[in-house]
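Which chain is which? They are A, B, C, D and E, in the order written, and residues in each are numbered from 1.
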Amino acid sequence: KVQSDTTILVSAAASLKNCMENDLIPMFEQKNPNIKINATYDSSGKLQAQIEEGADVDVFMSAAEKQMNALNEKGLIVENSIVPLLENELVLIVPKGNENNIKDFDDMLNAEIIAVGDPESVPAGQYAKELLENLDLWDEVSGKSSLGTNVTEVLNWVAEGSADTGIVYATDAASNDKVEVVSAAPEGSVSKVIYPVGIIKATTKLDPSKSFVEFLQTDDAKEIFAKYGFKPN
Amino acid sequence: MSLSVSIKKKFKDFNLDVNFENDGDYFGVLGPSGSGKSMTLKCIAGLETPDEGRIVFNDRVLFDSQQNINVKPQDRKIGYLFQSYALFPNMTAEQNIGCGLKCSKEDRKIKTGKMIELFHLEGLEKKYPWQLSGGQQQRVALARIFAYEPEALLLDEPFSALDSHLKEELQAEVFEFLKLYEGQVLMVTHQRDEVYKFCKNLAILNKGKLIIYGDTKVIFNEPRTVEAAKIIGCNNISPCRIISSGQIFVNDWDIVLQTEKKIPENITYIGIRAHSFKIVNNNHEPNIMDCEIVNITDELFEYSIVFKNRASENSKKLIYKIKKNEWDSTTNKNKLFLKIPEESIFMLT
Amino acid sequence: MNLSPILISIKTASVSIIVTFFLGIFIARSIADMKYGKLKILIDGILTLPLVLPPTVVGFFLLFIFGVKRPIGMFLLEFLSIKIVFSWTSTVIAAVIVSFPLMYRSARGAFEQVDKDLILAGRTLGMSERKIFWRVIMPNALPGVASGGILAFARGLGEFGATAMIAGNIADKTRTLPLAIYSEVASGNMEGAYSYVLVVIIVSFVVLSLMNYFIMKQNKYSNKGV
Amino acid sequence: MNLSPILISIKTASVSIIVTFFLGIFIARSIADMKYGKLKILIDGILTLPLVLPPTVVGFFLLFIFGVKRPIGMFLLEFLSIKIVFSWTSTVIAAVIVSFPLMYRSARGAFEQVDKDLILAGRTLGMSERKIFWRVIMPNALPGVASGGILAFARGLGEFGATAMIAGNIADKTRTLPLAIYSEVASGNMEGAYSYVLVVIIVSFVVLSLMNYFIMKQNKYSNKGV
Amino acid sequence: MSLSVSIKKKFKDFNLDVNFENDGDYFGVLGPSGSGKSMTLKCIAGLETPDEGRIVFNDRVLFDSQQNINVKPQDRKIGYLFQSYALFPNMTAEQNIGCGLKCSKEDRKIKTGKMIELFHLEGLEKKYPWQLSGGQQQRVALARIFAYEPEALLLDEPFSALDSHLKEELQAEVFEFLKLYEGQVLMVTHQRDEVYKFCKNLAILNKGKLIIYGDTKVIFNEPRTVEAAKIIGCNNISPCRIISSGQIFVNDWDIVLQTEKKIPENITYIGIRAHSFKIVNNNHEPNIMDCEIVNITDELFEYSIVFKNRASENSKKLIYKIKKNEWDSTTNKNKLFLKIPEESIFMLT
């Protein structure tokens, strides 16, 4: 039922790059020898723009629901194909050593500079803003925030001690050994950080795309996600 | 071959206004530094655009401000030798010479070779302009323009950077070569002898104006204006007053000259070349000056003798040039009488 | 280390420098020819624009132009069956667009420094404007033009923001060296990043040395230079 | 539309173009003076490097250099109480670093196009090398140098990747126009983006026009140009 | 004032090897195009570095390859007039002239003004070089170098672009001005008369070698080598054979010349200037040729008469130049006897 040697293109949030390239794609290709996966990685916002402009994408793996929903509302996603695949967690990080003794979100106010993603364009930033608003900290925090245009910036600012603390996804924090996680967002303080996956309506390779999305929900795949710090849904 | 030029061009403090027609083949332009010689040639070649006027060459209208005609330099087929050479620094001598040719490689090689020979450039073919001496550069520029074989050649000081020996040789060869050439040659030069030797017609420019135009020899014999006289090398010029038909009083030299020629009424100056005086033995005839020698300079082939009219207290200085052996064989050097031959008197306005 | 970004980058940088080089000198020549005036300054401004906008933003605009739902993208797809977005071609487009101002500006500056008498001399020798351009203006403007070439090549090789936007970041297809470096840095794999950086440095050194050598050789004829 | 990014960008671009301009011509002059050789090519390569690396990566290295945990950053903080990272100064540093190669390369090309006889003439007239440089070489290399200046200014104005990395994106402090534009574009707020883009265009147009006018005026003496 | 030069410089196909000492103030260099005149001056000014040798000026060692001394051009205090002027295109005439001066603004203004006057540049102060004519550019270059007041002036073809009238005037004024000036002047020129008039000592270069050096007038009277003779303007040169003490056979003219001067043994050529012949009435004396006139050219002040020895079938052509009025008053033009005065015979090696 699957055409021979099809290639599908997956647009994935940058934070998924390591687990996709190192494990998931090879694993899937081994299981489905006649389907090849190409993947492109960037901030979800950029991926959204590319898809809107008709880029040849088959599957979209976003780092937040906002971008997926935006595409869905424009009718660009195959109906009912969206799966809330993964959950990530928002964590508070500090440079290794934690010299400023920041232990919790409330301590952020002691920091001189705080690194968060730009809520306008970076999903992690958008959640961080929601979290801090709920904690009634946003107004004060935003005054001393540097808004990263991508997660790499936020992470490295903290890693290099340029910022005293920052908020990123747990998976991102895990990728850099110069930062230390001191706290995680309390239950209920922010909406769940969901990584949804969906199939693009314009695809001409619906079946292979479906098999890939199905594969992502297998136990094997979940194991991999877990290994990289994601909570499979 | 005919060239008719009538152009005006205004600068802040210089106005060019030139007007001439020329049918002859060789045509010279003389004029002091900054008189507009180069500018005139540039207008003809199409490198400068006159403000108004008309240039016609062999029945082709090259420029006409009224009809809005301004033929591209490329289509004028007029070669212009830049006073500053304008050699292409990125090309060797050979390439510079050949670059304007539109022909097969072999033909180009032959023509280039011929030019290299004509201009004594053998051995310098592969050198770049900055590796050439001033005179070598000038010869490459000449060769380049000759190779192009335009219908007219405008030469701006073509031999100025050459030593006299090479210059004489080259001049002779070039003019030999030019005899085979069908185009018209317009030459700007500071060398009076060059013009005299090679150019049938002559124009003299001064401060942007054409002050005299005509047959070269006629102009040299009768320059008519003070400026022209200076430019053709007349050293002794003085204001004068017509006394009667046949008699002119020369202010600076305090002498009355007699002549049988008709004296034009508007004459205000008298000129005489330093070479034109003649040594005589006494002053019993008219037009003879008793000379008080002020100074003698030893020049290459001649002595330059500065003298005054002994008969007058107010006489200004005059110059007499005489061949060395002639002077050496002159007796009576301290009683020098010089005659001003009637035919050598320039009557000027 | 995966070699494909290296090959892709070299291919992209080579093709784009050729396009940029000729486009740059062609347009520089046309502009330099113009009389000073408002139009000249306007065009000059527009041509320099890709430089003042962040490359990512340039990429956004390119996406808007070549997207399959936009007129140009639609036309290309319908009539020529060419899809620009996410194709290798688009890496070239991005590189050309961002490096163009460098080439254009340098070439223009260089052309303006050429002695006008040389051009006039060419004209009186009956050389066509085209021949004058290639045989007289270009060689005499070489240092400046070559500078532009070097800048444009380097910029094309290092292009990242616009490329990511319009070409994506697809391994073996559009992932150029800068994208690979960025990806490695982003995923915290500094060693991978360093080895790619080393490659970039080596590639650009080789090319710069070649260019320098070439300029030096060409320059031997001239009495120019400090 | 928030005006602070505009002011910050103008400030940054102005200061950095001054630094880049003088640094660029100074270094270009020193390099142009050198004999062709391996060292020259090596230095040339290193100076051109910031151009081949994606600005984000350049920013990343800058962060490594000036980070408070790194020797230089530590030194500056300890002894001079200067924190580079996230300060306005760092927007200038980023702009200078990425625009430097443009200035340097253009100036070098332009210097190499100056007639050597003029320099020699200056020497025989007893002019010091410094005077020769400012009174003879610079004016005669003006078109090329100005091109470099325009390129460097534009690049500095448009600088985004390295700035974001080392200076961050702090409202009213380090958020420059390109960052603001990016933010707006990325969040899909195209209207906000367009108004900022318009500002960038206007700013760069004004500056380009001024520069063009200046060049034209300075150039009136010369018989140069296509 | 003393200058001692001894330098070698090798190019692929040109070797400069020059050696002289000069104590006088005015010193001239003559030589054909490409003989190394400019290169020599450039080495002295410090614009080219010789491969080896030594240059000492007023006891200052400017260059010494053995001691590794190479004084910067700036510190040599030697002004060099570029053959191509090398005016700064970005400066007006005035600024060009003033740019080397290290003094207060007012002093600069005064000095610049003086130079502008001396070189007849009034009204051109504010013009840029490309707005100046060739001669004007040359004068600005001259003014610039004079204003700088170096200890020595090296002038490379200083008057080549000027019209004769202005040139004479300027020469006189410049040399008047130079009398007040304490420096040494070394002048390269193609104009023999310029050298003769102004330079006490003279060096003649040919193909990079100094072929003769000494007192100008002595050299002009006794050039000693064929090359030198050509360069000082000797038109008639022929190989010869010494027959006996007092008798030389001249191959090309088929004539035996007699002289009472001692004939150096190594003589292989004879030369005589076109101006040196003397018209006589018969050939009863020795050293007289019966002339067969081949051709007469009308030159500016003289006729150039090409003739052969009528007595010989193989005689090659010779040239005789005679002042026009002298020729005009010569009777017996078709029976022309020309005497070669003994003292005018150049004996050459």
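Following the convention adopted for this analysis, a residue touches a chain if its C-beta (ideal position, glycine included) is under 8 Å from a C-beta of that chain, and two chains touch if they have at least 3 such contacts.
Fair warning: this is a prediction, and the values are worked out from it, not measured in the lab.
Trainee: Starting at chain B, figure out the least number of steps needed to reach chain D through touching chains.
Mentor: Shortest path length, in steps: 2.
Trainee: Starting from the defined contact criterion, work out which chains touch chain B and chain C both, please.
Mentor: Intersection of chain B and chain C contact lists gives nothing.
Trainee: Can you name the chain that lies farthest from chain E, using the mean of each chain's Cα atoms as its centre?
Mentor: A
Trainee: Which integer distance in Å separates the CA centroid of chain A from that of chain B?
Mentor: 88
Trainee: Counting only Cα atoms for the centres, state how far chain D is from chain E in Å.
Mentor: 55
Trainee: What's the distance between the Cα centroids of chain C and chain D, rounded to whole Å?
Mentor: Roughly 19 Å, centre to centre.
Trainee: When you check chain C against every other chain, which residues touch at least two of them?
Mentor: 56, 60, 115, 117, 140, 182, 185, 223-224
Trainee: Specify, in ascending order, the residues of chain B that touch 2 or more different other chains.
Mentor: 84
Trainee: Hunt down the residues of chain A that sit against at least two other chains at once, touch-wise.
Mentor: 46, 49, 152
Trainee: Provide the full list of chain pairs in touch.
Mentor: A-C, A-D, B-C, B-E, C-D, D-E
Trainee: Of all residues in chain E, which touch chain B in the complex?
Mentor: Residue positions touching the partner: 11, 13, 30-35, 37-39, 83-84, 123-124, 131-136, 139, 156-157, 160-167, 190-193, 196-197, 217, 220, 230-231, 233, 273, 275-276, 278, 297-301, 323, 325-326, 341.
Trainee: With touch defined as at the start, can you tell me which chain C residues reach chain B in the complex?
Mentor: 115, 117-118, 120-129, 135-136, 139-140, 142, 221-224
Trainee: In the complex formed with chain C, which residues of chain B make contact?
Mentor: Residues 45-47, 72-74, 76-80, 82, 84, 86-92, 99-100, 102, 128, 130, 144-145, 148, 150.
Trainee: Show me the residue ranges of chain D that touch chain C in the complex, using the header's touch definition.
Mentor: Touch list, chain D to chain C: 29, 32-33, 36, 40-41, 44-45, 48-49, 51-57, 60, 101-102, 105-106, 108-117, 119, 137, 140-141, 143-148, 150-151, 154-155, 157-161, 178-179, 181-182, 185, 193, 197, 200-201, 203-205, 208-209, 212, 216, 219, 223-226.
Trainee: What does chain C use to touch chain A in their complex?
Mentor: Per the stated touch rule, the residues are 56, 60, 63-64, 66-70, 73, 83, 85-86, 164-165, 168-174, 182-183, 185-188.
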